[in-house]
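Note that the chains take the letters A, B, C and D in the order they are written out, and that residue 1 is the start of every chain.
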Amino acid sequence: MSDEQIKLIEKAVANALAGDMDAINDIEDRVTRSKAKAALVKAKRLAKATTPAEDPSNTDELKVGDSAPTEKSLSEKVAACLNEKFPNSLEAEDVNGHIQMKGKNWFKIAQYLRDNPDFLFDSLQCVTGYDFGEGEDLEVRYNLHSMTHNHTIEIRIKTDRNNPKVPSVEQVWRIGDWFERETFDMYGIEFEGHSNMIRILCPEDWEGWPLRKDYETQETYHGIVVPKVKDGWE
Amino acid sequence: MGVVHGDLMTLNIGPQHPSTHGVLRLKVKTDGEIISEVEPIIGYLHRCFEKHCENVTYEQVIPYTDRCDYIAAMNNNFGYAVTVEELMEIKVPERVEYIRVIVAELNRIASHLLALGAYGLDVGAFTPFLYMFRDRERILDLFETLCGARLLYNYIWVGGVSHDLPPGFIGAVYSFLDYFEPKIEEYNELLTYNKIFIERTGDVGVMPPEVAVSYGVTGPNLRGSGVKWDIRKDEPYSIYDKFDFDIPVGAGEMGTVGDCWDRYYVRMVEMKESVKITRQALKGIPAGDVHQALPKKIRPPQGSIYKRTESPRGDLAYYIVSDGSPIPYRLKMRSPAFTALSVLSEISQGWMMSDVLAILGSLDIVLGEIDR
Amino acid sequence: MTVDQLINWLPFGTDWPVITFLTAVIICALPVFLFIAVYALVAIYGEVKISSFMADKVGPMGQGVGFHAGKWGLLQPVADALKLILKEDIIPAAADKKLFIMAPFVVFIGAFISFAALPFGQNTIIADMNIGIFYILAVGSLSVIGIILAGWSSNNKWSLYGGMRSAAQIVSYEIPAGLSIISIIMLTETLSMQGINEFQQGTIWGILPNWIIFNNPFSFIAFFIFFISGVAECNRTPFDIPEAESELVAGAFTEYSGMRYAFFFLSEYAEMFVVSGVSATAFLGGWNSPISGFFDSPGWGVFWFMGKTLSLVFVMIWFRWTFPRLRVDQLMSICWKVFLPFSLLNIFGVGIWSLLVG
Amino acid sequence: MSNYFSNIFEAVSTLFTGLGITWRHMLNIRKDNVTLQYPEERWPRPERDIGFNIDDYNVIRSRLQVDIDDCIGCMKCERACPVQCIKIVTTKSGAKGEDLPDINHTGVTSNGTKKALIVSRFDIDMTECCYCNLCTYPCPEECIYMTGGPNSHKHPIDYEFSQYDRNDLIYKFAKEIDDEKLSKYFPQKEEAKA
């Protein structure tokens, strides 16, 4: 593509962003006009992505939990309470709507969250494994819910990739047993203190952790060729 | 009189068995007829749903959510669509909300009919199963005229629905509801209050409320144990707060609270409630274009969301993390049947062989949703 | 037409007594075997059709081109029989071969030989023994051995379960059945089936037929106890725990296929007929017609007997498609805590009744 | 002792109500028979219908069918398919909108758009298709559709298409074009690649 075409497109996109769209429309050559439009769209999206998009997660918890906007959101209250109870266990201050935590004394915190009268998180809703990307570390996200107070929070615990370890909460919530086995099955995150840490969905001797981003399926399993080969198709 | 204990025999209520509601293997340690330990082994129907969702766009995930809980596919689509819409802050037109509620409640009735019919089969009564399937066919016929499919609909899309209601649809739903209400009384006479059925299910597999909550059991199983928790009421999504219906809770009429009979009866009353909701929705449905809010290209902003909806089996929740691209970065489905099955080993200690299958039937599990 | 009449009638009877006896027995056994085969086909067709009608279905109807199940599905039982005969009957490798092969015949013999004493009509009975009903009850419990044999020899945990359960069930249900028969024997004072039939001729107060069921309230209850124990003996719902489809797949008969399975199938229906026949004879007046003068000739007696028996078979089929299944311990508790006390009460009651009224 | 007798009475009464229901159903079988005698009676049931007739169907889910003459090779359906069961290979046709008789390629589609590509391969693997109907919405020419129902004027309903060999279920909708004729016709395709 000739360089004067590029200059023309940049000039057109610049003033199109400023407002007058006809700078692009009156480019007579059809190809450059469509390129200019594409560049404009990309520029707009770039602009939108760089502004800090307010993370809309857990908005429902804000709606349900507290009425007055001035009053701190539930997770901030929980974070503050945990801070003075378990000194340096919180990793980052409450980032938009969830609590980032170090894995250290997660078991005691879990028990505390369940038994504390004004939190009473008696139901572990969901345990989600998360992989930040190839070579990055893994994370386990717990969604807790209280049947009596009817409010929910989300707790995230990061572990590094090569030997991921998180204390197990099987004794606190009985469903932790199966949820943690599934996260172990999919991500390979070891839960210390778990009664029988084996795979739950894949066969026991399946190699690799399927949901990690850098996972390739093994060639054969017990002699059966795993990837489906179909002649007359590819 | 001391109980005689022989040595335990391990028995496989194996993947192929008439009453495991799918491909589930129960490793059972029995001493004669008395069961001392049940260990459910799952994974036979694992189809890597969450790995697939990391390779297909948001619109293409919907046929996959159909196939998780293939008995209540509408409610799965509904849960997924509601979650992505909240992530993208799409406001869906009023008519679509009404259509979704009608369709979800009809699918709830169909799913409960299958669950109660199959439960009758597990306990040995054959004819109620056929009566309930005859009525379920009527609902599937309605869905076929609506979206072409009888079981896996791909009907509720993100931001709207795929087709508007065909001309005679509302009349047909009214005629079905009028036909269906007396039928529930017939099932009650035939099965619910049948003395042998009460003997087989009353006081069997009692699940105390704190065990249920600790095992994360939700839906009719939890309500059977007396805990009044229904997301349509406690955390209303879509337009469920517009309708008035009440939540049936197990009262232990035929034994203690939380036994198999309660879980069965809660589903029976829930069907009546669904009929009430559908009637109100049919009355109030406005006109409008259903394709109006369908986004051309679904690219949710960066961020994560955890949203719960009420499927016939309990809390169906989606945890979606999006990185701004049209393909979900991480999608986790919290399946209610998964938690319901995990409680089986706890509540079937000490019961007899035929009771374990009765308890399994009362939990109403679907293996497609457990194994994902 | 009884066996001993046949013996005198045979020409070479006097010089080889043993051979004449054997030929007479075979000559009598053949029609019974044919009757059972035909009756089983009718019963299978009846069960299929009745169960479908009860479930708003129409059942097999001959549709489609070429080879189909005949008008209204009449050929369906023939097709079933053909299928069972032609199918390959597999013997599991680890099965105990001899017992495995023997089991179905033992079960069938149990049902087959009790046909000898069933009074089809005034003079159409194979062997009018003077201990008729006692003989039937004794022989009826032979099929239990067959089922246990089948359960044990298929070397499969599920069949073992089925075998043990049916052993417990059939043995314990014979006691209330036996006791309720005792309570009617006290009335008729004879064990012979024809004797019981003759006792029930005539009418009470002019209108009610003089059947034992209307004789006194205790024998009325005895009929229901006997009939329900009979249902339990044939392993029919609500007592079909030995071959509970939803738990043990097919209980003791899981490993059987082809011709052997057909024998189990046949003996279940034959057992149903025997139980209904005995309860019809003992309580509903066998071959006596309900209105004393109406079609009372010996020929018509067969019609009345078959009518009553087949209606009781219909009731058994009706039970199967309505009731759920009982658990094993509930089944035992009903037998020992409900049926037994009531049947003892009946014996006592009939005794007092015949003393006062008799 | 009292619940012993009430148990028995309750058992007898509920069992009899159960028997009554099945008896009633057996008697009026002619009225509420549900079965459909398949080869003769096909869906929908002629007289026992469900409240409205069949042509009000919104959409039908059955076998996919493609009118290859209308296909402009835009590959939108291939991208929309969640299970990737559609494979399309197209080559550039030098002349836009012209008929090329020797490889029987029609230049213009039925509703007037000029075709710039020749579709040399359009395979749908019906064993993988999950009948979700997502491919028929994006198609600009509406040339991919499911047979029967509202499309029965284009192609009658066909849901009895089972085969003995699984590969026969891979439907090849594109017209047979042998390679050398294709390459002879558009030489510049080669050196563009070289």
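Following the convention adopted for this analysis, a residue touches a chain if its C-beta (ideal position, glycine included) is under 8 Å from a C-beta of that chain, and two chains touch if they have at least 3 such contacts.
Small disclaimer: the values here were computed from a predicted structure and weren't measured.
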{"item": "Identifier of the chain whose CA centre is least distant from the whole-structure CA centre", "value": "B"}
{"item": "B-D compared against C-D, more contacting pairs", "value": "B-D"}
{"item": "Inter-chain centre distance, chain A versus chain B - centres from mean C-alpha coordinates, in Å", "value": "27"}
{"item": "Distance from the mean Cα position of chain D to that of chain C, given in whole angstrom", "value": "54"}
{"item": "Chain A-chain D separation of Cα centroids, rounded to whole Å", "value": "37"}
{"item": "Sequence positions of chain B contacting 2 or more other chains", "value": "127, 134, 190-191, 194, 196"}
{"item": "Multi-partner residues of chain C (each touching 2 or more other chains)", "value": "54-57, 321-323"}
{"item": "Contact footprint of chain A on chain B as seen in their complex", "value": "42-43, 46, 48, 50-51, 54, 86-87, 89, 210-211, 213-216, 227, 229, 234-235, 301-308, 315, 317, 319, 321, 324, 330, 332, 334, 338-339, 342-343, 346, 371-372"}
{"item": "Chain A - residues contacting chain B, complex", "value": "49, 53, 55-60, 64, 122-126, 128-131, 141, 143, 147, 150, 152, 154, 173-175, 177-179, 182, 186, 199-203, 210-211"}
{"item": "Sites on chain C touched by chain D in the complex", "value": "50, 53-58, 61, 63-65, 318-319, 321-323, 338"}
{"item": "Chain B contact footprint on chain D (complex, rising order)", "value": "7, 10-11, 14-15, 17-18, 21-22, 25, 34, 44, 50-52, 56-61, 80-83, 130-134, 137, 146, 149"}
{"item": "Chain B to chain C touching residues, read off their complex", "value": "9, 11, 17-19, 33, 120-127, 130-131, 134, 190-191, 194, 196-197, 199-200, 352-355, 357"}
